[in-house]
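I've put the structures underneath this note.
In what follows, subunit A forms one complex with subunit B and a second complex with subunit C.
Then we have the complex of A and B:
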């Protein structure tokens, strides 16, 4: 919106480069690390270097965090949207917020993952580099404003994920899960491309911002296109930036030619009726993204993939990747196609409630730990979807809050599963597969079991922990917008799902079993990470304003036009 | 200083928890002393609250406002009035008693046990003092975690897992629907501050639906009939201290919720649904009283008794007049003394003989006279004998409901009569008859610690029974204010 100001403050070149500066930095780091390590490990395997490489990567990501935080634009104002690379990249508060948390959580992930790789016999250092490629893809996804760039970013991260799933070559389960992941991922991509081509065919554009403009055509736009058909908009000394890009002009002119729109149509917004195929395309894209999120009818891959992949990869699928998909959903639905909310909110609500249903009832009979957590994550995605489907402003705010809290708490749970090292060497199963395996954790590692049970209570949404606030926030937009039935259904399902969360606590504390598995204590480094996460769970409950206010500001920046920045006659985009 | 008394009451348990966390788990005595001291300090400050309480004021006193979630207008506001004062006192009194009664009987995971009780103390004090609907809900639900762990970890038998699940899921399922109503209230009013909500009038249909959701939550806590099944299970499987706090305080969360929230927020709906409540309560009283007669487990009998008495309290609340409401509060307090004392009585013999089946006991009057004297006193109090606290409470409730509905008074009074039957039957089996030497050979009367345990409860029961005005004078103005709101 503020291209005018931005043009006065910055020149175009620096604008283009600094919006993706963290991504440049990470790419360069990947290349650097690859070269250095290839030289070092010319004659040996990378086993010795895994720890060093992972710490290096964590450092890279924390540096990227710093780069994201430390820019003048976001500190100047939350309300700035900067588009660069022919409108393909958007740089706003949502992007900087989500990219920050993505880098932060990935950094944490790198800090604790190295030791476990050795135990899982994933001996090559490429594993870590592939993860970093995936993080790069996720980062680009957060700031992409274009169907094509979104697709490329999704593919960049997904291809890395397929490799991660099948990385343990000795395990047939791992290979199987990799193939399963790949096939579903390919289907998802096909859906995405089909949807994109529908949209492109009927609008002539692939840019989110153009979509927004199409549904929000004003008299000013009409006059401009009608009076200056050849040149498009009046070229003026300040109108030379992204706003009047070629693609936009083309698509708009196309609208008027193809559909023979009249002045009244644009005046009263009748253009919406012509867009049925765009809606179908949008639906296809939504389904593709729901497959990536593992929301309910599309969740079946996640059960096998989570169970079969090495645990260190599963953490990455289950925790880190979801945030970027959420951002794409927000950009696509709440910004670009906001005007057809009555079309897409049905999908969000129905799939959300169905996810909660499946996640709650599917986990009841589940004895395998990782599959149980897969069901749990499906139900969490359901909560996020119902929040986003019910309301725009509050919905996005609460979905972001829920996502951050989900990431903290599930990182906690998964990392505890990763940290458990069995004391007995000569038994066949090295890892915890079943719920009952944790029975002796209380005896062998008291703080770890306490952390696990606290996190479980938090995920179940029992009050004095932050998971309750997250759930509360999700139900608030539903109630505000009178979606009582979905709210009632999902809150009752949430009680069903607490059954299996507290079953884990039962296994940990209530049973007096003498035969079971004993675990080594965890080292100090992991203890610190874990205690920081647990502390966050309690602290965010005691001071919820911190997170809610941040997400509130982001929501505000997305949907509210501050008077100070709307000096132009036309209603500026992204400021509903 | 005086203004912040409630904060001190809340902070002492937290202080104890922090100290306990840094105490080595091997120093059992030190840990127990720390826990007992912090709980007792909390009790002392709550006594000070009573001391500085002004009886002539109907509104909230000692109000403290802390910012918690200011951008949603949800703040941590503490305050007591005549209604919540005695619930607060009851809580802080019973927690040290619970710690004392499990002084020797809990031997595994002592540190965790003490922490769980102090956490429970904190949450219960919060529930009774907080003046914000959402925070009330948060504290109300939070109680689940420590109580779930207390039943599950320190319970006695294998059935404890079932019992803890019953407790957890019944209460949770009951109260989540209330959460939706709270969110609706929040979306309508823009805040959940209690005193602001009192000024807001909801339409009839809103009141009815929201009242029903609140009713489910509180009724499963009281518990009322169809959702009472968790209570006998939880009582039987919990350790003695758990049963004491369950009967003494946790059941009062339901009645407190009715008095504090259901009645003043939804007055029209409360009147509308009175026949429903009366029916459920009357059926509950008679059914559970008869069920109590045919139980063989010592704790189960007292558990069913509790249900009957708490349902009588509900009748008192829904009489909507001063006498009935004051009687309901007083009877809640009295039940807190009497039922928890009876569970302590059970705990004494259970610590010695590890069984709660009535048939294994008999003739204890000859070998444990002091014990039987205490038992007799509380049995009599349970029957609501004149001179004990229950008499005052039940009498006021029956008088209050007689003004409104004579049939329900008749049905409620039936429960009082049947309670005589099962209490005396139980006392007879335990105290008289032949000594069952084939089961137990050694007999030990009450120790010093156990005698100390019963003293405050006996004292409280007597004082309320003989001179209830000490308590009623504090309750009176707040109940007046509430009744005015109801008929506004």
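Then we have the complex of A and C:
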């Protein structure tokens, strides 16, 4: 009976669909929620559904978390990569890890914004559905192994973000920020497509693993093609262990120099001169992703967009969306194009250091809280980029650790900003807060001000909190790989940026004024989640190995070749 | 033979339409000739067996862009300016540009499209590929096969993006002002009789 059922299941669901089950689940729930709510609200106007709908979406996302955790493929993905949908989707440990955290944090986000939507006058249910669309795009981006799928996922998520930015139609700031976001997003998409067309034109492929194999062609690939033309690459792991046990995975360029073989035309049909165009295409794609990350020369949109759009949208832009872009960067640079690291690490280091510079010095004179946090997020992206630019395992590991810690702490800060509702009557409520609005919060709401100051200490990198370890971890791979100048410069700039984080705490605790602003208390559900997040900031300092080990496993599994299952290029800097 | 005749007919019609786009005075007429241009060029693409591209020409250029232009022109209601008076002034400079563009173009064509010099001789192998004639797969079919087998996921995501854009655009462009909505109330309509109507005209 069970056997029959299993067989029938295989008839209905093909095996490759198992790799995208969370995405299927979220897609179906989007369609279901859309239809049901449209039917409910069809005849009754003015129905306030947003709290119920947002809790329903949080439930959906937590169930997707459960799906990801309980997947049997997850445990397999630490030692092998599973490709599906004609190699467009990759299911490895990086994908499952980031998809889990993405679903988890967006579920928390939905719980946080549930009550404040009514106060912000964002009562229509389309808002929440569009956010779920964007989460779907980000999830697909995490597991895409293909330039075209990456582009489509970026478009799916960012088209939703443009609508979210301009969702408050009555406010001209919101509409303006939506248009700004749209135009910069269009420029970024154009860069991405131009770069992809360069790469496709000169390599003939859009698949990341093809790029990897192109730069890592070794002698047994040639042997396999020559001796067993019908079989292709498939059993070559056998050959690697038996015939060529020394496994020279020298890079493509070195192979030609050393062995003076002429099979490059047979295998790939072109010579090495064309590789410059691939590098230019890669650079264009990197620029488009840096625009999405709001790294420093490309960050100017983020200040206006974060300030102008409604606060609940801004939280989503600042907290959730960056993780998937980081995953795409890791896949492109540390997997597909790792062999041309001399080309791209310059961009990562220079743009990273410049982002830290701009984020540190731009926030000094800023008094608007949302713009201040936008500068802060720019400098955080700079730390992540310099960790990636050190081109080591540890760099990828530390970038992921930094990203998770950034998501926890910035979710705390932004949600506290969202929770603070002014207790005034008959005055048009000001949505955007300035630095002075937080004065005397220690008297009106002691735990909330404590939480905000702890988070600020963590972001600034003061030792008993996990932000210290995150920053330490970023500088570590740079110093391992002897990039002393970027490390030194970013340490100096991070000292400068500590000023405005500490100034916020000074405003909270030591402001010499007698009349402060009174805020509504927050309810118990949010208090519990917020205190768990704050606890995580302290707990992860005491026990950081949880995060370090998970990210270390991921960075090791990045280089598993899905075809040969051989792990690493030979010249990889293991333990320098 | 047959195909060549059709090619000559369509291309001459295309050139005629392109000429009329410039010459005709009313913008709506020139736009109609532009539509004619697109249609004839898509016929030419059909002759070259690029069915997919030809269909795209008709769907996108004629169906969307030309109609959009037509709406814009009809909305703007521009008065037709008499351009033909100034035409004589611009002929010399136009001729210079014509020469400058034509020479490189002809150069390119003569460089890259070499005709087979044996084409008119007796030895040229004029065989009919019956296999292709009988069992041919059209362009559109191939695209469909590739799209639905290798790029299923991409295709679904593109469709989902369209759904998202639909929801977003409907929300952003609709204004839900209740006062402006005209509603039909059946009881009011049924209780109407002729006295309502004539009372208005009596001035009461």
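Note that the second predicted complex is superposed on the first by the 483 of 576 C-alpha atoms of A that agree within 3 Å, B and C clash if a C-alpha of one lies under 4 Å from a C-alpha of the other, contacts with A are read in each partner's own complex, and residues count from 1 in each chain.
What we mean here is this: contacts are C-beta pairs under 8 Å (C-beta built on N, C-alpha and C of every residue); 3 or more make two chains touch, one makes a residue touch a chain.
The structure presented is a predicted model; accordingly, all values stated were derived computationally and were not measured.
Chemist: Just subunit B (first), just subunit C (second), both, or neither: which does A:119 touch?
Modeler: Neither partner.
Chemist: One more residue to check, A:27. First (subunit B), second (subunit C), both or neither?
Modeler: A:27 sits against subunit C, while subunit B stays out of touch.
Chemist: Where does A:133 make contact in the superposed view: on subunit B (first), on subunit C (second), on both, or on neither?
Modeler: second
Chemist: Check whether A:498 is in contact with subunit B, with subunit C, with both or with neither, and answer first, second, both or neither.
Modeler: It touches subunit B, and subunit C stays clear.
Chemist: Can you give me the overlap between the subunit B contact set and the subunit C contact set on subunit A?
Modeler: Subunit A residues touching both partners: none found.
Chemist: Contact residues on subunit C for subunit A in the complex?
Modeler: 149-154, 157-158, 160-161, 164-165, 167-168, 171-172, 175, 178
Chemist: Please give the residue numbers of subunit A that touch subunit C in the complex, ascending.
Modeler: Against subunit C, the touching part of subunit A is residues 20, 27, 34, 45, 85-86, 88-89, 124, 126, 129-130, 133, 136, 140, 148-149, 152-153, 155-156, 159-160, 162-163, 166-167, 169.
Chemist: If we count contacts the way the header does, which residues on subunit B are in touch with subunit A in the complex?
Modeler: 68-72, 123, 134, 137-139, 141-142, 144-145, 148-149, 152-153, 160-161, 164-165, 168-169, 172-173, 176-177, 179-180, 183-184, 186-187
Chemist: Show me the residue ranges of subunit A that touch subunit B in the complex, using the header's touch definition.
Modeler: For this pair, the touching residues of subunit A are 457, 462-464, 468, 472, 475-476, 479-480, 484, 487-488, 491-492, 494-495, 498-499, 502, 505-506, 509-511, 542, 544-545, 548-549, 552.
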